[in-house]
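Take this structure first; my questions come after.
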Amino acid sequence: MQNILLVAIIGSVAGYLLSLFYRRLGPIILLLISLYAFAMLWEIPSNTAENFLGYDVLYLTTLGKYFALLSLIVFSAYAIFNIVWIETLKTPHAFNALSILTLAGTLGVFFTTNLVVLYIFWELTVFASLFIVPMSKSEAKRAAVWYVTITAIGSFAFLFATFLLYSKFYTFDLVEISRNLSQLPKPTIWLVVCSMLTAGIAKSGVFPLHVWLRNVHGKAPDTFSAVLSGQLVKMGSYLIALLLSIFPVTTLFPHFYGGVNILSYILIWLGNVSILVGTLMAIKQNDMKMLIAFSTVANSGYILIGLALLDQVGFAGGLFHVFNHAIAATMIFLSFAAVVYRTGTTKIDELGGLIHRMPVTFITYLVGIISLAGIPPTSGFISKWMIFQSLVSRGMFVTEIFVFVGSIGSFLYVFRPLAGVFLGQLKSKYKDVREVPIIMQIPMILLVLVTVFFGVFPGQVLEFIVGAQKEFGIDAFQYEGTKLITSMGYWDTWIVFVMFAVGFLIAAVLYLITPKGKKIPLEDQYTSGEFLHNFDLYHYASRFYAFLEREYGDHPSLENLYASLVNALKSLGKGIDYLVSRTASAYVFWLGVILLLLWKGW
Amino acid sequence: MMSSTNNIGLEEILSSLNQLFEGVSTEKVDPRQYKIITPPEKTIPVLEFLKEKGYSHLSILTCIDWIAEKKFELVYILFNWGTGVTFVVSTYVNRDNPIFYTVKHIWPTAEYYERDVHEFFGVKFEGNENCEKPLILELWNDLPPLRKDFDPLEYSKKHYPDREYQKDAIHEARIIRGDVRGEIDG
Amino acid sequence: MAVAARVAGVLLTAFFFGLTFEGIGRKVTARIQKRYGPPWYQNFIDVLKTLTKHGWTHGWIFDFGVVMALGGVIATLTFVPLGNFVAFPGLDNFFVIVYLFTVGALGMAMGMVGTGNPWASIGVARALTLMLGYEVPYLIVITSLLYNFKTSNISTIVEIQSVNGWNIFRFPIGALVAFICLQGMLGKEPFEAPIAPAEIASGPMVELSAKYMGLLMLMNTFMEFVEISIFVDLFLGGGNYFEFLLKYLTVWIFAIMISAVLPRFRIEQAVYFYWTVPLLLAFIQVFLVVAGM
Amino acid sequence: MITLLIAVPLALAFATIPLRKLARLILPVVVLANLVILFALKPHVGKIIELGSWPAVYGITLFFDEVAFYFLSFVNMMFLVISLITRDERFSIPLLVMNAALNGLILTADFFNSFVFLEIIAITSYIISTDKDNALGSFKYLIFGGVASIFYLIGAVFMYVQGGTLNMAYSSYIIGMSNPELMKTALVLFAITLLVELKVLPFGLWVPDVYGNGSALTPVVLGSVVSTATVYLFSRLSLTFVDEHLPPVFYYTVLASIVLSQLGALYQKNLGRTLAFASMASMSTVVASLLTRQESVVSTALFYLFTDALAKFVLFTVYGNLGVANFRNAKTTGIAFTFSSLSLVGVPIFAGFWGKYYLLKALFEQENYVLAIVVLVSTLIELAYVTKWNIEQWFAKKETTKGEIENIDLPFVQKLFVLLSALILLVIGLFPQLLLDKTNLLAEKLFDFQLYRDIFFGKGGM
Amino acid sequence: MSNRGNVKIDERTVWEKIADQLRSRSMWMLHYCTGCGAVELPPSMTSRFDLERFGIGPMATPRQADIFLITGYLSVKTLRRVIYTYEKMPDPKYVIGFGSCTINGGIYYDSYATINRLDYYIPVDLYIAGCMPRPEAIFEAFTKLMEMIRKGEANGWKRYKENYEWYKQNQLRSLGEVIIHDEFHE
């Protein structure tokens, strides 16, 4: 493991230097590193301990291996896509170097259970990704500052808990700490666990700390938002998964309802609210990248609920959803990057009918949203099915409402870009838009194959998940080949796929025997008898769900709350500034006040 | 709702009309309707005067083709929502070169009435820059259709081919009705 | 081979009985409006007529959408148990059916918006919003049922009902909520905003010329067949194949009668209605299930 | 021999008054000489030097031990760097005088002598602070400093009257035995004066105007060099001589000062004033940790002090010369600026991180959660505005009238030193053990009054 | 269906015959009321006359419609929209002309805006005489049309396709251009 990390760090410096000569070398290096890391990592058996520059801190759990492999897939797709996309950037060398550094940081986080080392790699990733965010759009600067501050709230809470634990047990190793965590008094346990989880919650964009997600994913350089929401958010989920599984949560905290302890219940409720907020806000968005950013909030909520259930089916569902959302979010953002590469705008109502010019991008987006929305032939459905099964078997109906609203709501908001950007009338401005170059299409097609393959044969991913569950003592999820078995019932992905193919075949036969339809141009529409010459107007995309948005139009916005909080702090600073620029006599007066205080407070 | 006070208001308007604008003749059609004929140069002031007096609603601006006297009569129908009284103000314009002034600045809707009148009668309105634009008829290239000297039947025959009947059914119908004498051969 | 025979059986029943019951439905609506109405086989003629016409296509996504829609619904159909006649005994998990069902819906939506006609996009947006409306109370009630019987396998629930009586008597409120949501799923009168002929020129179906209209009418029949058979399986219990068809007919006629007399909800009224009355009833049902039985 | 450190710069300062142009060159030479002398005397550490061979109790004595050695070397190193990079000759002479005073302050073991040196430093810093026509700011600083320094004198008089001698060691030993109460009041009086220089908020109100006026020289000299020397004196007085706590009011004011100055920095629109507030915050953190009077916390505080001084040096030099720079075409300066600002905030692979890490670790060991939380919160606020400024400068689009981005950059000499100190921060970040052993040694030395007294009584004369 | 000499030889394949049987029993009307005859349709569809018995019902879009009912006089502007919509209908499509206005211009024979003979512009399979035929006449027409379809005589759409040029010429001759470019349809 150590040499993977070293290669990555040295690679980032090499990336910087090489891309000075030729900007495309950077992504190639990133690709080589991630492939090399993938190959090396595949062989390393789980829970091997290694030392890193002399300190034996690296310890590979199956959970860490699973997340690391997943992030390597995302990074390699990102790298291939970047080889051509890098042309649009003004500062490519810094971009390449920092993205390799982000990879190094994330791998570091996954490879260690030592709290300080985890914190170090965590901060490394945050600061490496921070400087990439404002690289394309100028208004992303403010978003970057928000991103760092909110993530820092989480990581400083984590640091506080680490030192608190260190002062009690004189060790930073998580496994050891978890073993004798129960000796601490109740309130300290609560304080430690909650502050550690805030780091995970802040990074994975769950409800209270999700405010930065919209701006950062919306305004970051296009391909980087794929990594941001596909992979960096997963670091937060990894931390939550690690903490929930390592700390004996079920024994520490009293049982609350439906076989779930109080801490998981609170986490589930956080997940619920973030699903609701994510879905409702996503439906409103007109900028497609911000829309998917909010879907990331909703899906992080899903993952949190899955993980917090901590039982055989729910935990497996949460972990599988991590895989699905990572792949789906990457696919969707890469297809958006392709669209922006060709058209230059991310606003849905300015685009339209791009399917006729960019079919491959459309197919990627389509399979991406099918997996994101959780529809059977793709892997998205399996994880949602597991979470539903676990929730139903426990009878937690209030959570189910949020989960169902989330899953049905996901049909709504994924359909908005589909209809607004790809289908409908092709705008005259984009008449001559061509498909993106081959190199960009390769990662998209690869991800499509991955999603569909794992949708039908989820064996390989389930193997990792079962390994992780066994490692932390949760009873493993049973499955035989493609048949997924739970207490509430089972189904077989292969048979569903075959039946879907059979159905498709029957429909195709019916389609072929009947007389062939004649192809007519996009302009030949039923316009209820009126002659229309400017078909740009004949495209329904802006305020797509106007009637639904009116229902919850005036909702309280958390962003304004946070902004007003910051302004309050700044006004306090203004007071200080006022004090400072007074005359010398005022200073002496202050000196007098202090003396008085001294005299009294002696 | 015709309260007596309105009459006095009415009388007073009519009388002040005569004093202020000479050459204006008013004629009572019925208790709620008066016809005012004004010379062309007095029309706009009269209209403004009446508008202040509460006749704020220009319900229609049309044109009547007196082909005999070679005149177009421009008719402005004003209606007072307060008292329910209608004033029909009309003025005569020369038929061969019909030009008049726009009332667009008094009533914005008049712009479309003027376009309509121009399309069907050919009256030009100075001050209304798009009164030449077509409003209702699509691709019309003949004489304005509502002028008396335009023959619609001949236009219909020329543009829209008719069905050739072996026998003249209309002539037979006249015979049946007895207007014309003649035989119907079965 | 037995599986293929069973699948074919299910599909043919769906095709034949689906269209016949629709014909009967049209006759019942006509009777309500004091007129005779078309012969019972009118729907067969309509579908076959549209298949013989020469229509237009708007590009490959339109064809792919229509075929995917029909294919998806046929696939869902194979998993639905008709009384005790099941194509795949163990595999008819409720969530699989509901989500496989959305494959068809998404395929249709994608194909229709692919035509490029804004009427279609408005219709589909309305259909998805309505789905958000009726799906939540429906799933809550059904999951309360599943929680009660500790299984999410529909055919096992059918057997349990043949033993200790129909669920409609044990969970009357649940059945009521499920029926109201069924009315929304079928797209029948009170919730017909997505395919309103007068307002948005029959919504998604605006650009469907000849055979595509036929294929989608077939798909609509199969969708109705799936929805009602799930309702019958979950609430009207077991019994053999013919009893199932009889129960199916009664539920269908009842739905038709309601739709024949009611005007059309506006789309946000429909969602507002669904999220107040049925959701409240669903919660009462859930409370009963968790506390009571 | 060690007295040369004071004598040479003083003598040369006055010698070069007539030949003004030369002063510019003499300054670095003198400081270099100091360093050479210092290192030459390294082996003779732990001696006291009686001036004019008067015995310790009566005469003025200089005390030269490891603590003094390291502080002196750090101060003179910084002075050397400053003298090399500063470009305006006006301040060469006051700088020379200040150098002498600084060396004197660290070496002296005599109350009145330290007061004298403190006054000289104050005066020279008033002069230096008038750089870039910042008259009002320096005037306020002058008034405030002057009023505050009176208290130091009263303190010294108390010690003299009660202790009989001006020698720190003797008087504190005697008073410590006879009347500790008085010792505390004296320490409070000393503290008031020193806190002015240590920029703790109620006393440091002058800092933003003086530091923030955009001159490269003032903040660096006052911020890094003078503050470090004052920290030495403050720690010597409060830790070695007095072994009780200062009244809790001080502790709370310092804590409040940390958070409030961070907030002040958050509000600022101008980079200079933000950095001024930042230096106030970091200095108050150091003072707060000194006030906790635990050895491990004090050592980490010193570690934090040194790394922070280096980082502040880089930031102020870059701001002084370039203003809000556009790093797109001043890459190396940009990298140096970002490295040092990240180390300021405590990003892992930089020295600042280890500063905060050890500080927090020590604080948690002492169960001092209040200060730990305050430090974390202040770092959070600091993170916000530091990132804002970093991004502002990396991605600024300052087009000149002609439309292309003006590309001014640091002159080579300054760029070299800025880069050098940024790399030092990185090296310490990778191998923190180097600096940590030194600071542990310092802390341990600061705390044992016993050793200090033995050297005096044993008269290890020079 | 070509009639060499007067013997009508039925050229349709078996499939065509079956298709025509189906087409005759399920005809969908286009819900596009062009003239005053449209008011006759609701009574024919509702409970008294009930068109649905023959499988005939209204459809919202031309894409799904089989029959196109021209119910009454056709002004020039409406004719342009009728032609545009006619071309939108899928192939086996039939047109029924209601009332005398479609046959010979009816009472508007001499108007400058209405056309006098419908089948000059689009092929008409069946005319219903009367100045707005009553539902009974409409039923008579529909049954006649169903007869014609079964026998394969109702192939106006084939005629339109075969001599498309002729129809286009007629249309341009009297309409100028079918698709209009003007201020309201930019």
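By written order: A, B, C, D and E. Residues from 1 in each chain.
One rule holds in what follows: a residue touches a chain if its C-beta (ideal position, glycine included) is under 8 Å from a C-beta of that chain, and two chains touch if they have at least 3 such contacts.
Chain identities (UniProt): A = Oxidoreductase; C = Proton-conducting membrane transporter; D = Na+/H+ antiporter subunit D.
No experiment lies behind these values; they were computed from the predicted model shown.
Graph distance from chain B to chain C, where chains that touch are one step apart, equals 2. Taken together, chain C and chain E share the touching chains A. Counting steps between touching chains, the shortest path from chain A (Oxidoreductase) to chain E takes 1.
Chain pairs A-C and B-E differ in how many C-beta pairs they share in contact, with the greater number at A-C. Distance between Cα centroids is largest for the pairing of chain B with D.
Taking the mean Cα position of each chain as its centre, D sits at the greatest distance from chain E.
Computed centre separation for the pair chain B/chain E is 39 angstrom, with centres defined by C-alpha atoms. Mean C-alpha positions place chain A (Oxidoreductase) and chain B at a centre distance of 72 Å.
Centroid to centroid, with C-alpha atoms defining each point, chain D (Na+/H+ antiporter subunit D) and chain E lie 99 Å apart.
Mean C-alpha position of chain A (Oxidoreductase) lies 45 Å from that of chain D (Na+/H+ antiporter subunit D). Counting partner chains per residue, chain B has no residue touching two or more of them.
Residue numbers of chain A (Oxidoreductase) whose C-beta contacts span two or more other chains: 524, 526. Counting only residues that touch two or more partner chains, chain C has 52-56, 201, 206-207, 209-210. Here the touching chains pair up as A-C, A-D, A-E, B-E, C-E.
Contact residues of chain A (Oxidoreductase) toward chain C in the complex are 353, 355-356, 362, 366, 370, 373-377, 381, 384-385, 388-389, 391-393, 395, 397, 400-401, 404-405, 408-409, 411-412, 415, 418-419, 423-426, 487-492, 495-496, 499-500, 502-508, 510-511, 514-515, 517-520, 522, 524-526, 528, 538-541, 544-545, 547-548, 550-551. Interface residues of chain C facing chain A (Oxidoreductase) in the complex, by the touch rule stated above, are 7, 11, 51-59, 61, 63, 66-79, 88, 90-91, 93-96, 99-100, 102-103, 105-106, 109-110, 113-119, 121-122, 124-126, 128-129, 131-132, 135-136, 139-140, 143-144, 146-147, 150-153, 156, 201, 206-207, 209-212, 214-215, 218, 266-268, 271-272, 279, 283, 286, 290. By the touch criterion given at the top, residues 26, 30, 33-39, 42, 45-46, 48-50, 52-56, 197-198, 201-202, 205-210, 213 of chain C touch chain E in their complex. Residue ranges of chain A (Oxidoreductase) in contact with chain E, taken from their complex: 524, 526, 529-534. Taken in their complex, chain D (Na+/H+ antiporter subunit D) has these residues touching chain A (Oxidoreductase): 139-140, 143-144, 147-148, 188, 192, 201-203, 205-209, 247-249, 253, 260-261, 263-268, 273, 277, 328, 342, 347-349, 353, 357, 360-361, 363-365, 367, 372-373, 376, 379-381, 383-384, 387-388, 391-392, 394-395, 397.
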